[in-house]
Every structure is written in C-alpha cells, then in structure tokens.
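Chain IDs A, B, C, D and E follow the sequence of writing; residue 1 opens each chain.
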C-alpha cells in the first residue's frame, strides 16, 4: 500500500513538474502575448493541480489533506479567472495578436492622435 | 568556511544593490524601491542567522528536538511592519511631490527649487 | 521525487523571471508575475513536505490569495489613460512627461 | 542548497531592477522580490515571517506602489546622476560588511552565540511559562510584548501620517460627482465580479482563522489584519471607492485604528491594576498560564484591528487622492474642449 | 503606582495619541495633549528626583527578567534626557493652536496633535529603554511622525525636505538595524547591559568592529553630524514653526544620547576610544562641522535656515566635548545638550511668533521688527547671545565647561578653534540684530505676538538666564550622569 501510494504520488509529481517546465519554456519561446498566455495559463493550472494531487497522496494527516484541497480549489478558481481577465484587459486596451499587427498600427495612430 | 559565509556575502550584495539604487537613481519611486530592497535584504540577513542546520520551524511539536532560533523571527516581524510603514509614508510624499512639482525626478525638483531661490535673490538685489 | 519537483519549479520560476524582465508588453509582465506567484505557492507546499513539516500550508493559501489580489490590482490600476493603447517599450508621450 | 538557488534568483532580480527604466516593470519585479524572499524565509524555517512578508512585501506594498505610479508617471528619466560617488559609498559599505562577516559564526552552526544565550529559554521553557506551541508568538506577544506594541504604534503612526498628507475632506455632492466618473472598467467584467464575490467571504473567514490559529501555527494578529484588509481592498478595486466608503466610512475606520492601539495598551494597564508589571499577563487570571493565554489572545486582537484599519485607511487615502486627481483632470479636459 | 513610573512615562503619551484621534475636535485634542505632556513632565521630574536619590531604576516589562524580556532602565543620563524632552514638548505645545491656525489647514489639526504626541512618545521611548532593538522600534516611531509633521509645512519644499529626510533617516535606521544584528550575532543578546557584559569577550573580532561602525554611522545620520547633515537645514526651515521648535530642541539631542549610550555604555570606553580611533575622527569632524555650518549660516537669507545651520554647528560643540572622552568633557556635552535645547527652542518659538505675525521668516521682512515686536525680538537676541556664549546666559556655562575640559587635556589648539567658532556665531546673530533693530520697517506695521506665544517664549528665555546664573541644578545632574557613565557602564 505504502509503495503504491508513493509511486502514484511520484507519477503525479513527475507529470506536474513536466507541465511546469513546459509552461516555462512556452512563456519564453512563444512569439506573442496571447500564445504565451495560453502556454502559461494551461500548464499553470494543470501542473499545479498535478503537483498538489501528488502531495495529497503523501499528506497522511487529514488537516494537511484538507489544506491541500483548499489550495487546489483556490488555484482552480483563481488561475483561469486571472487568465481570462488578463486576456480581456489586454485585448480591450489595444494589444492585438501578432498576425494582426499591421492592422493595429494604423488603429493605434488614430487613437493616440484623438487622445492628445 | 566558504560555504558557511557564502550566504552572508550574497545577502551583502543584495543590500548593496538596494543602497546603490537609493543613492544613484534620481527617480523617487525607484529610490523607495531601493529602500525596500535594502530593508528586505537586512531581513534576509537576520533570518539566515537564525537558521540551525537540521533544525525546524520554532513551533513546538513532540517528535522534533532541534529548532531554529525564534528571536530573530520576532525582530524581523517588527521590522517588516516598519518597512511597510516607511514605504507607505514615502509613497504618499511622492504623490504630494508630483502634485506640487509636476515631476518625481530628483534633479528637476532640485532645479525648480534653485530657480525659485534665484528669483528670490534677484528680487532682493533690486 | 519531491526534490526533483522542487528543482522543476525552480526552473519554471527562472523562466518566468526572464519573461518578467524581458517584457515586452505590460501584460507579459503581469503574466510572468502571476505565473511566478503560482509557482511560489507550489514551492511552499513542496518545501513543507521536503522539510518534513507540511502543516505550514497556510502560507501557501495566503500566497494564492495575495497573488490573485495583486493581479487584480495590477489590472485595475494599469487601466488608466496613460497605460492604454501603448506597448511598454514605446517612447513616453508628452503627456506623461 | 535551496537557499543558494533562491538567493541567486534574488540577485538576478536585484540587478534587473537596477537596470530597468520602466517603473511598472520595476514594481512588478519588486513584487517578485517579495515573493522570493518570503520563500527564502520558509526555507529558513521562519514561517511567521514568510507569512507576513508574503502579505506585505508581495501584496500590500506592491499594490501601493502601483497606485502611486499611476499618479506619478511610469518612466524613469534616463539621467543617472553621480553613479561613481554612489558606487564608491556602496563599495565601502559592502567592503566593511564583508570584512565584518569574516569572524562571524558559520551559517547554520548550532553552537553560535545566538543559539546558546537568550533563545534557548524561549524554546525550552515557553511551553511551561506560556503554554502555546508557537514560540514566535509567545516571544512576540509576551516576552517582547512591548516591541510588538511599538510595532502597532509604528503602523498607526504611518496611517495617521498618510492621512495627514493625503486626506482631502469632501462634501457629499462633490463625492457623488466624483463617484459618477469613477472609472468603470469592471462594469463589463462579470466573471471577475462573481469570483470575487465568492472569494471575499472566504478571505474574511481565513483572516479569522489566522487570527485565532496564531498560537498553534504561523499567523497572528498582524497577518490576519493584513489579510482582512486585503479583502476590503479587493472589494474596493472592483466595486469602486465610494461603494466601499459606504460600507466602511472614514470616521469609523479611524475609530477602529485608535481603538486597537488603546485595546492593546489597556491590556498592559489591566496588568498594572492587578498588581503586576506592564504587560505581565500572569496576573490577569488566577492561573499564570491561563493569564498568558488571555493576554496573548487580547493583544492579538488589538494588533489585528489596528493593522486592518490602518491598511484600509492607507489604501483609501491613496485611492481617494487618485480619484480626486482624475476628477480635476477631467474638469480640465472639459474646459479645454 | 510609583514603581511603574518608568513605563508610564512612555505609555501615557502613547495611549493619549489614539485618544486624541477619537476626540476629533482640535481644541479638545490640544487641551488633552497639553495635559498629557504636562503629566509626562511631572513624571520625569519625579523620576529624576528618584534617580538622584536612589540610583538606577530598572523596570522589567511583562515581568520577564532582563535579557529575556525588555527592560526599562533609568539612570541619571536617561532621567536628564526625559526631563529635557518632556519640558520642551510641554512649553512648545502652549503656543501650538495659534501657530497652527496660520500654517496648517483646520481639518488637519487633530492629526497634527496625534503625530506630535507620537513623536514625543518615540523620543521618550528611545531614551527610557534598555533594549537595543526596542531603541530601533521607537526610533522609527519618532522618525515616521517626524516625516509626516515636517511635510505638513505649508510650502511645497516642506514635502521635498521631508522626503530627503525619509531617505536619509531610513538608511540610518537600517544601518542601526544591521549594527544591532551583528552585535546580536556575536553575543546572543539584545539587552544593553547584557551586551556591555558580553561584548568585551568578542571585542577583538572584525564583526564587532563592523557592528560598531554601522551603529555609529547610523546614529550620525540621525544626528546630522557634519558630513551627514544635508537633510537637516531644509527639514527645519520648511517644517511648521511649532515642529521646528520642538525638534530643534529634542530630536538631535536624542541622537546624541544614543551616540553616548552606545559608545560609553554598550561598547564600553576602552573599545570605543582605544580600539577604534573614534577620538581623532570625531574631534576633526566636530571642529570642521562648527566652522562649515557657522559659515553657511552667515550666508542664509531665511532665518530658520540660519538657525538650522547654527544647530549643526552646536552639534559640533557637543561632538567635540564627547570626543574628549573624559568626565569633564562629557559633562560639558550634557550641559550643552540641556542648554542648547533651552536656547534653540526659545529662538524657534520666537520665530514661530514672527511667522505668525509677518507670514514668513525671510531676513528682509524682519526690518524694524525690533520696535514692532519688542518682546519677541528681545527673546531672539537673548537666545542669540546664548548661542554665542555671552556670560550670564546658559551658552556661556557650557562653553566654559567645554574649554576647561579641553585645557585639562592640554588641547590648546582645539580650544582656540572653538573660540574662533564662537566668533562666527557673533556674525550671524549680529546679522539678525542689525536688520531687526537698525533697519527701517518697509511694510505695514505689525503687532506684538499674542500672549500665548510670549508666555512660553519668555519661560524659556528666563530659564536661559536663570540656568546661566544658577548652574547648580544643571551641572550637578550633568556631572552625576557623566560620572555614572564612566563609573562602569550602565
């Protein structure tokens, strides 16, 4: 039983770590904000969930387990929300995906001129 | 020996980069950031001296015998509060400065003050 | 395995810091900070287990909360006129000076 | 090992902060700096400190800096004066410090003077004398209760100072006018409003948990106060300052801040009345340990109330000043049109 | 209750601050603050009397024994400092409402009184405590309230001066924090007396040397000692007049107290003056400070600036006395501490009266004031004479003691330099006198200051003259304090 638990936990931790690193690579390598946001947002939530689940197998104590569940719930609630708000705010404030840059240039100019 | 002191040296580098920002940068917000870094590094210094190898957090528990020193923790709790208090007050000063001088660059503020003084002096000479 | 996961988190943190430093837009930085915050939550949880005292998960909860609040704060206060329609590497407009 | 990694990350960030000109990025990095140092504190077993640093360094102070830069502008001027003089001073100070480290006890060695003189008593006897497992709390709230009192007064001073500098009394009608132009970015952010509404009760509850659990785990009045105030701050950010002011008005919150300090002090006065020294909790009850429990519980409440009130005051002052600025700017724009 | 006086001394003004905030009405807050400050004054008198009779008083906070808990420890030096601070605070507060009416908007008066009480608390706390870290905490209470108080001045330069002070002050405080940390690391204790016992064992280590350097530099930043004085003139000149009067008499004095406490009591005489070449360094800086500051004072157009520079010069005298490191030298420093508090608060209060009537304190606007405000200007003149060190004023007494202490050690050249420095004081004081009495008034005539100014000003002036003639009280305490510092630590 012990072994089974630790193996499962290790597996979860491994997947979580992998996801975290791949998210990190994604946030560096991807070309523009929205793609990076995609990399970070997805892996963050799933990676955290995996690692926390992995830890749950090792918790042993009910209180610790409960706290881990709480952290997990928080991350599941907050992570996607922030990603959503971030993307929305970026889009509203005139940041466009890479392919649309040419279009945004002219838009930008008009906007700033009307602003000042 | 080297490893035992390495921690302290890194902390000193951190402190000094904070101090450098305070002295060398003219932007007032940046100065405050520098102060924050300086103070935080001092906290790190205190906390790292409290650590005992193999020790555990100073919350008593039955199956643990070696704890880290709790006293620096207490001191730093107080110091953190002092830090945030200073930052808040400093920021409100910066906001007021921006309102009255229209800038938060040290040099420009100084220049405006000097100009005003010169104007006063000229008046006096007349 | 715990150690390996901790190391993985460190690597991810480092990459997030790079993105935070490199920018280029405001939102990249916010993203980096957010990701960094999540990684810190994980790091704290892991450290608790590595050091054998997992009951300190309260700190991780605080981190998650604070992280959320500061990201909201950043978004709320980056939404002013002077930040709009401009990427962070542009030259400052006259208005700002 | 972990500490070395964390420290080198800190150095990277410190250097990046020196080089950066975009204040927004600098503030973001400062937030990361706070988070990282808090992780370092966890690795150094200082869980209470980590708790506080996370809430303060990464949360409140970053937020305040952000509000400030929205009022003061975002770019640092490129001119950097007297870098050599600064470098000179820094090198001398740093050199002196490094010179001073040479005779220091090595990192982590258990036979350093600080582990053998005053501290052992806290670790060995606090259980009998005070009876709570978190030694940091017992030192903070009983052995060195006066320092903590000073700490509360420091934060109180800062709050009053910020008020004295930024507070602008407003009339009702003016207030409504300003509120109407209150930027309504989050009008259309339905998702975040709902999530926040779900989270706020949880945060408040968690603050209470931290307040009471401080005796047994990391936490205590200060942390609880900060967390409590952060819930209010969150509410203010999403629903506007004037809405929040309706819930918590200025007079009330000032009263609470003053009340917390007085409450803390009154615990000391009570021990004077009962024949002990100031902050001697042993005399508060027939049983010394029960007296200590009571004393610590009460003063933690004093701390929590003051800290929460002052943090809210500080945030409100900044946000209020900002609204006022926007209001006058809008007026100016209207006139120029 | 009598045994609890040391803590009541600090806690009463502390608790009064939030009560002031609750009272809300400025008038009430003022009366309350005044009453509390008077109470603190009474307590400090009783404490001084107790200390002079029965020696050191120790008070254990929380009932915990000294190195584990925080200890309040009152000896002659502390008692003297407590008396100076609470006296000046009470007298200055008398004139506050009128002065504030002109300088600060009405709705901030309550905050002013709260902050004033807090800074009073901070100073009393620094002085009364016997715990090194507690010093840092109370230092920050004083500093934070000082930043806010200074920034309340009506000119925009006040905010800038306050910011500069904040940066310097925070660096100073953090240096002190580093120093305390290093000391703690070598000894494992924070209690000053315990430190004094345990430091000699490790005094040869480089760490203790560094700790000493950091504490001293940090204190000197707060002290505005000569090369680190740049924040002071503007802070004093642009702060509200009441604040200037209070701080000029107390805040640098508290820093001097810290300097004396750390060098003499904590690190010990032999370490401070034999291991470290503190004597030569401080002697040089002190004399240089006297000259540089006095000469800058001569060139000022704002009288508050002028007297602020004079304060830096006077700090120079105290530093010289301190660096002699003999009983008589220290007596001179302590005497000057006491006397300078009397004269500077009198002068700055008189300037507050001038600002109340004239609106500003530019030198040019003083023309003819000698006839229009005779009592106020007479106070400035007597204060000025005291600064120079004319016989029958307190300034003479402390300079006399300083010179005898120097000559005792055979340091003639320094004594001559100090006399020369006093000559410079003649020049800048004369500048004020000349304009006030020998120039025709240009603007509309102004009335004499109201009684609420004149009473506190003249109380101080009379004290100036009284202690210049009857030196028994001040000299006795100063000597007792100096001797206790030399007679084996705390």
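Please note the rule applied: a residue touches a chain if its C-beta (ideal position, glycine included) is under 8 Å from a C-beta of that chain, and two chains touch if they have at least 3 such contacts.
No experiment lies behind these values; they were computed from the predicted model shown.
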- Note on the structure: Chain centres computed over CA atoms; the one at greatest distance from chain E is chain A
- Any idea how many Å lie between the Cα centroids of chain C and chain E? 46
- Mind checking the centre-to-centre distance between chain A and chain D? Centres are C-alpha means, answer in whole Å. 28
- Item | Intercentroid distance (Cα basis), chain E paired with chain A, Å | 56
- Item | Whole-Å separation of chain centres (CA-atom averages), chain A against chain B | 32
- Task: Note the residues in chain D that touch 2 or more other chains, in rising order.
- Result: 45, 47, 73, 97, 101-102, 104-105, 112, 114-115, 118-119, 122, 144, 147, 150-151, 154, 157-158, 161-162, 165, 185, 192, 199, 217-218
- Message: Show the residues in chain C shared as contacts by 2 or more other chains, in ascending order.
- Response: 13-14, 30, 32, 51, 55-56, 58, 61, 65, 67-68, 72, 78-79, 83
- So which bits of chain E are touching at least two other chains? 133, 137, 140, 144, 147-148, 151, 159, 178, 184-185, 190
- Full enumeration of touching chain pairs: A-C, A-D, B-C, B-D, B-E, C-D, D-E
- Task: Could you please specify the touching residues of chain D with respect to chain E in the complex?
- Result: 96-97, 99-105, 112-119, 121-122, 142-147, 149-151, 153-154, 156-158, 160-165, 167, 169, 254-255, 257-259, 261-262, 265, 268-269, 272, 276-282
- Item | In the complex, chain B residues that touch chain C | 56-57, 59, 61, 64
- Task: Flag every residue of chain D that touches chain C in the complex, lowest number first.
- Result: 2, 5, 9, 12-13, 16, 20, 22, 24-25, 28-29, 31-32, 35-36, 38-39, 42-43, 45, 47, 50-51, 54-55, 58-59, 62-63, 66-67, 70, 73-75, 183, 185-186, 192, 196, 199, 203, 206, 210, 213, 217-219, 223, 227, 230, 233-234, 237-238, 326
- Query: Can you list the chain C residues touching chain B in their complex?
  - Reply: 51-53, 56
- Note on the structure: Given the complex, residues on chain D that touch chain B span 3-4, 7-8, 10-11, 14-15, 17-18, 23, 26-27, 30, 33-34, 37, 40-41, 44-49, 52-53, 56-57, 60-61, 64-65, 68-69, 71-73, 76-77, 79-83, 85-87, 89-91, 93-94, 97-98, 101-102, 104-110, 112, 114-115, 118-119, 122-123, 126-127, 133-136, 139-140, 144, 147-148, 150-151, 154-155, 157-159, 161-162, 165-166, 216-218, 222, 314, 317-318, 321, 325
